[in-house]
Amino acid sequence: MMTKRVKEILNHYPGENAGVLTNLARLMMSGRLGGTGKFVILPVDQGFEHGPARSFAVNPPAYDPAYHFQLALDAGCNAYAAPLGFLEAGAAEFAGAIPLILKLNNHDVLHDEKDPLSAQTASVKDALRLGAAAIGFTIYPGSSNAQIMYSQLRELALEAKSHGLAVVVWSYPRGSDISKEGETAIDVVAYAAQIAAQLGAHVIKVKAPSSHIELAEAKKAYEKAKVPIETLADRIRHVVQSSFNGKRIVIFSGGATVGDEQLLAEVKGIHEGGGFGSIVGRNSFQRPHDKAVELLGKIMSIYAS
Amino acid sequence: MMTKRVKEILNHYPGENAGVLTNLARLMMSGRLGGTGKFVILPVDQGFEHGPARSFAVNPPAYDPAYHFQLALDAGCNAYAAPLGFLEAGAAEFAGAIPLILKLNNHDVLHDEKDPLSAQTASVKDALRLGAAAIGFTIYPGSSNAQIMYSQLRELALEAKSHGLAVVVWSYPRGSDISKEGETAIDVVAYAAQIAAQLGAHVIKVKAPSSHIELAEAKKAYEKAKVPIETLADRIRHVVQSSFNGKRIVIFSGGATVGDEQLLAEVKGIHEGGGFGSIVGRNSFQRPHDKAVELLGKIMSIYAS
Amino acid sequence: MMTKRVKEILNHYPGENAGVLTNLARLMMSGRLGGTGKFVILPVDQGFEHGPARSFAVNPPAYDPAYHFQLALDAGCNAYAAPLGFLEAGAAEFAGAIPLILKLNNHDVLHDEKDPLSAQTASVKDALRLGAAAIGFTIYPGSSNAQIMYSQLRELALEAKSHGLAVVVWSYPRGSDISKEGETAIDVVAYAAQIAAQLGAHVIKVKAPSSHIELAEAKKAYEKAKVPIETLADRIRHVVQSSFNGKRIVIFSGGATVGDEQLLAEVKGIHEGGGFGSIVGRNSFQRPHDKAVELLGKIMSIYAS
Amino acid sequence: MMTKRVKEILNHYPGENAGVLTNLARLMMSGRLGGTGKFVILPVDQGFEHGPARSFAVNPPAYDPAYHFQLALDAGCNAYAAPLGFLEAGAAEFAGAIPLILKLNNHDVLHDEKDPLSAQTASVKDALRLGAAAIGFTIYPGSSNAQIMYSQLRELALEAKSHGLAVVVWSYPRGSDISKEGETAIDVVAYAAQIAAQLGAHVIKVKAPSSHIELAEAKKAYEKAKVPIETLADRIRHVVQSSFNGKRIVIFSGGATVGDEQLLAEVKGIHEGGGFGSIVGRNSFQRPHDKAVELLGKIMSIYAS
Amino acid sequence: MMTKRVKEILNHYPGENAGVLTNLARLMMSGRLGGTGKFVILPVDQGFEHGPARSFAVNPPAYDPAYHFQLALDAGCNAYAAPLGFLEAGAAEFAGAIPLILKLNNHDVLHDEKDPLSAQTASVKDALRLGAAAIGFTIYPGSSNAQIMYSQLRELALEAKSHGLAVVVWSYPRGSDISKEGETAIDVVAYAAQIAAQLGAHVIKVKAPSSHIELAEAKKAYEKAKVPIETLADRIRHVVQSSFNGKRIVIFSGGATVGDEQLLAEVKGIHEGGGFGSIVGRNSFQRPHDKAVELLGKIMSIYAS
């Protein structure tokens, strides 16, 4: 049953057509966190982004596309996000079981570049024929190729929305002008969230921010206004604020595999700071199925609290 | 959670894309009968088909589009079906609450004709922007205008399927060559179900058949093969068989308002004969909300048994 | 300043895009009645529909397209509605002065028929380049050509909405199955309003209804439910109810020129019954400019009370 | 392995693209008669054309779409032809097992008319997505609606050929100017074959002709030229000649169920007269599976001799 | 007759339409290996890719397009793959004799670049008019132009699938960031297979991998998970696993001409490792016809064992 909180979040998207709202509702009403307005999403694009062995060798059943549908389902995730091939291979078998997010662009590391450009690898029409609830798209703010990706997103988002699909944007700062540390700097992450929101994203995915500040001009502003960025919860609060004052759903990734304690502590910080949830890829599918379900269960328990 | 029975029914639609299967699954996994493979759908097109006073004066809250969304939801229906205007007026407010079927054609009685032709009143693009799970389309086999409607359905169904939408066909025999009694004759109803199935319908809606046989050639066939048509259950069984041996979902309408006893007896017959469910319009929205929920509850209890 | 009442009315169109809402707001925030949620619109399509002499000979300045823009402006109307040529001739000169409604179809009497079919005479693209706030479209429910017009409206409304334009539908029952008296019968007018609403109209224009009931089946329903239809206010109330329980803007025309007393009495009835306003053509532009401004002023005073 | 005879027949279609030739070759290289240039095709459109009970009650397993795929396969037919619904229900399961012909138009008897017009019920796009080798289309030469069907065929055949699909035309003379006897008259059947060939059919299906001559002018010509039409073989030879001197594949139907002796005698006549084969519907699926396989086997043995 | 193994493989492509499944079945049911689920394909694009003399001077009859159709046929290959011109020149003559794969892009060495970009040289419409069973497309993961090719494939694959064609992807790592040795490194080949699968390929063609590991990050993963890559069979097994755990057909090329012993040993390794087959170009058409048939026969014997 539709909850007050989900209704409240949907009200942040007035003027969107009923199709978009329906698909946003689907994302929020599915799985164990259904109805809370919180999200735990399973994304599996690492096969494309990092290569198969780096992604799956540590847990070989994960080579199989069906594995991830089942994992997302067993863990009670809100949605499962993947590139075209992985969704095509299982969407019919798992039809109706869990909302899907089709990633429309992807990047591989066989040609690695300082200023990355993701390739368009699927279409809005694919999302519709696969029954996906949303399209996913990655932008790399800071890349010298960012304009190309912003412009591709512009067209795909317009087409997706007119066909009733929600738009999820992965916003990952990277490029020759940003330091490695800067990629997760609080000012840069907040900026990346803002850019995604301004590009019309319904759901925004960024990395959990550090307390580092990358840009000199930004530093002045943070100091002058005394923006609290000491604790993770502070920083999450700032990113949520930067996402239209909390009117856009913003979720966080943990990135590379880390110890469980550290991961759960981070999730607590995200939750405390008002983040809408987590997207947990490698930390889930790179361990055995039951261990992954257990970990995802702990994460959901935090968000449900 | 997806049930074995729903999976079994979905397997009757091999080769359909995952989008179509997802939307069929949505219809079968929603509401109180979710997971049973049985259907109770609320259709409200009578405002268009018969006029507002004839439809709603007896229960004035039903003039309001929101009323029907809420009724379908409160009663636990699988889906709510209506023309463009009624869905536009409530789909955003009720986004994600219940699967919708957008009726793409409608007929009014201001110009009544022996050989009716429904007007196209909405598009597949409307269904997508409204977040509908399926398009609905009415054909009048027996009308001299039937060819036009078959051909319109052909194009709309192809477009709908390629965009991942399910196709629900109302198949109502009417026309200058069919007697009033013939419109619900067992041979004619079974024929109407077959035609809808051959036109590519995923879900077929026909009227509950009487034991009358309309066509002379058919009469010979029924007698020669001793097709049992005495009880309603017998006749339902025959219509289900005529819908690709039960491989197409076929549901039944009760037509005009009747006494509850009679209606529930009919539902028992439909259930006993293996029918997939009922579509209950006037018998639900033309009585007070709570009485309607009560009646629909009784109907669902029969199908759930 | 946006008023509470206008906000309230806009809330009846959830899920419409901001462009559509903006144009609906423009119609409601313009002129002397701006902010009240009431409408007085000047329509001038009689040159096309009845011929120039029948329309303008009695007040020759009205041959000039600029005349009507100025009249609507001087009188403080919410909007001015006309066919392509009239708008093209003045829209640039009066740009920004008053909201425009471009009528996309029109009918002339050089070829008169029992079952009329209006010709498409302008496009959504025309409406955009002319800066119109809405498209206008006439349907003739009851005509054997009604299906064609419904289907044309379906396509034009979808296109208009996706381009952010509002949709105004003139719904005039006419055809070989409807008596002359029936064209304004309460059941037929309420039905015509319902059909326009179901076809997705944002604003509906019908004729003020008489207490005659045309259809036998409808008569039973009115009598059974004891729908009050004695006074004009009663009947207006019923038509408003038939327009999605007042969730669609429904306005009324007076038809042929009548005495001012009679016209103002009718307006009082419309206002008392909860109608959203009047569309006053011949009764305004077929008298001298100042007399017209005076009469329209009196009408607005009633709606403003 | 491609045979000389099949090559020879393909050479009758010079200038057709390789896709069309490939699909014609598929039809000729499949099943037990593969390579002989002879055809036995299973067509099952009677569910649509005559109604389900008249078609299947005598052999109830035939209500199931999968039954006919399996029957055609078990009997070793060259191809299976059916309307959209029947093919959609089994094409994925039987993918690659047997060439399919999608019938793009169909006619039902709920509205029966002297001058029939088949409704378009599927598209070339459907044929492609279903993996069909050919489209099928019925024309009724002699119907006052014939021009409409010729013109529809013109467009569909052009589209089909440009997409590499073969075109099979059912040419059945019927209409208010043709007597019942005339429908199978030798002059009329030969004329129907010629019309189909002139419309661009690759494969033509007509009824086995009687020795009756319908048209007075034709009678003179047959008598003057002493065209032999006494035996069935004579008449078949004449129809084959009328199909571009044997350069178009022309096959024959037996029509209503008849005794096996009579049917086999007819097949012998067709074979002797140089006919390319038989299309056997009701005589096969209206008897038990094994009996049907047996009968079809006998027919194939005649053509293989 | 369709085999259990072919059915099993087709079941890895649920949700694909019957047309795609039919063409995949055609590829698997043709030639000497028909029914085994194994493939030997003859590809001849070297005329375009390397120039005519480098390709054909050593065996001049191979300059003739007909030569290769006949060779593929005589050897009993599953399919013949070539660019537009070669197929146009022979597809009509060999219609129906052998499944064709039309390569939609090609690259020549007149302009050689470190980061290659294949040119689109044919269309899906060409594939249809030529009667091809599949489109072929080459991507160069690792090229700085890879994104362009991925995006082209995205559009062509969507169009091909909706028209019922299968999609075969040649995935050849090449580019300024990859060493010559790296092009066949196990990690790079497995990655290339994964990328093709994620882009929606039904059949993937890669080079037989060496035990070299190119990428530092990958090296860690292989070592950590102790992925066995010592023998060719080990490595093939890993590539098959990387192709959706064996749910995508992956076949291997031998590349440059080598000694027969070495080639056959390699084929044994591919077979032992669970590879789906070989694509053998230069090693077949650059020797006399009979020798080529002999060699291909030996290869097929290995796969049939």
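Which chain is which? They are A, B, C, D and E, in the order written, and residues in each are numbered from 1.
Basically, a contact is a pair of C-beta atoms (placed from the backbone, for glycine too) under 8 Å apart; a residue touches a chain by one contact, two chains touch by 3 or more.
Since the structure is predicted, the reported quantities are computational estimates derived from the model, not experimental observations.
Participant: Touching both chain B and chain D: give me those chains, sorted by label.
Facilitator: Shared contacts of chain B and chain D: E.
Participant: Show me the overlap between the contact partners of chain A and those of chain B.
Facilitator: C, E
Participant: Which of these, A-B, A-E or A-C, gives back the B-D interface, meaning over half of its contact pairs coincide by residue number?
Facilitator: More than half of the contact pairs of B-D reappear in A-E.
Participant: Where chain A and chain C touch, do the two copies share over half of their residue numbers, giving same, or under half, giving different?
Facilitator: The interface is built from the same residue numbers on each side, given that over half of them are used by both copies.
Participant: Across the interfaces B-E and D-E, which one involves more C-beta pairs in contact?
Facilitator: More C-beta contacts join the chains of D-E.
Participant: By mean C-alpha position, what chain is farthest away from chain E?
Facilitator: Comparing chain centres, C lies farthest from chain E.
Participant: Could you grab the centroid distance between chain A and chain D? Build each centroid from C-alpha atoms only and quote it in angstrom.
Facilitator: Here chain A and chain D have centroids separated by 57 Å.
Participant: Just the number, please: Cα centre separation of chain D and chain E in whole Å.
Facilitator: Roughly 39 Å, centre to centre.
Participant: Using CA atom averages as chain centres, what separation in Å is found between chain B and chain C?
Facilitator: That pair's centroid distance is 35 Å.
Participant: Where in chain B do residues touch two or more of the other chains?
Facilitator: Residues 14-18, 21, 88, 91-92, 95, 125, 130, 162 of chain B each touch two or more of the other chains.
Participant: Touch graph of the chains shown: is it line, ring, star, complete or other?
Facilitator: Chain contacts: none of line, ring, star or complete; other.
Participant: By the touch definition up top, name every chain pair that qualifies.
Facilitator: Contacting pairs: A-B, A-C, A-E, B-C, B-D, B-E, D-E.
Participant: What residues on chain B touch chain D, complex-wise?
Facilitator: Listed in rising order, the residues are 12-16, 115, 141-144, 146-148, 150-151, 154-155, 158, 173, 175-178, 187-188, 190-195, 197-201, 215, 217-218, 221-222, 224-225, 227, 238, 241-242, 244-245, 247-248.
Participant: Quick check on the complex: what are the chain A residues that touch chain E?
Facilitator: For this pair, the touching residues of chain A are 47-48, 50-54, 56-58, 60-61, 63-65, 67, 83-86, 88-93, 95, 106, 108-113, 117-123, 125-126, 130.
Participant: Of all residues in chain A, which touch chain B in the complex?
Facilitator: My answer: residues 2, 6, 10, 16-26, 28-29, 87-88, 91-92, 95-97, 125, 128-132, 162-164.
Participant: What does chain E use to touch chain B in their complex?
Facilitator: Counting only chain E, the residues touching chain B are 15-18, 21, 162.
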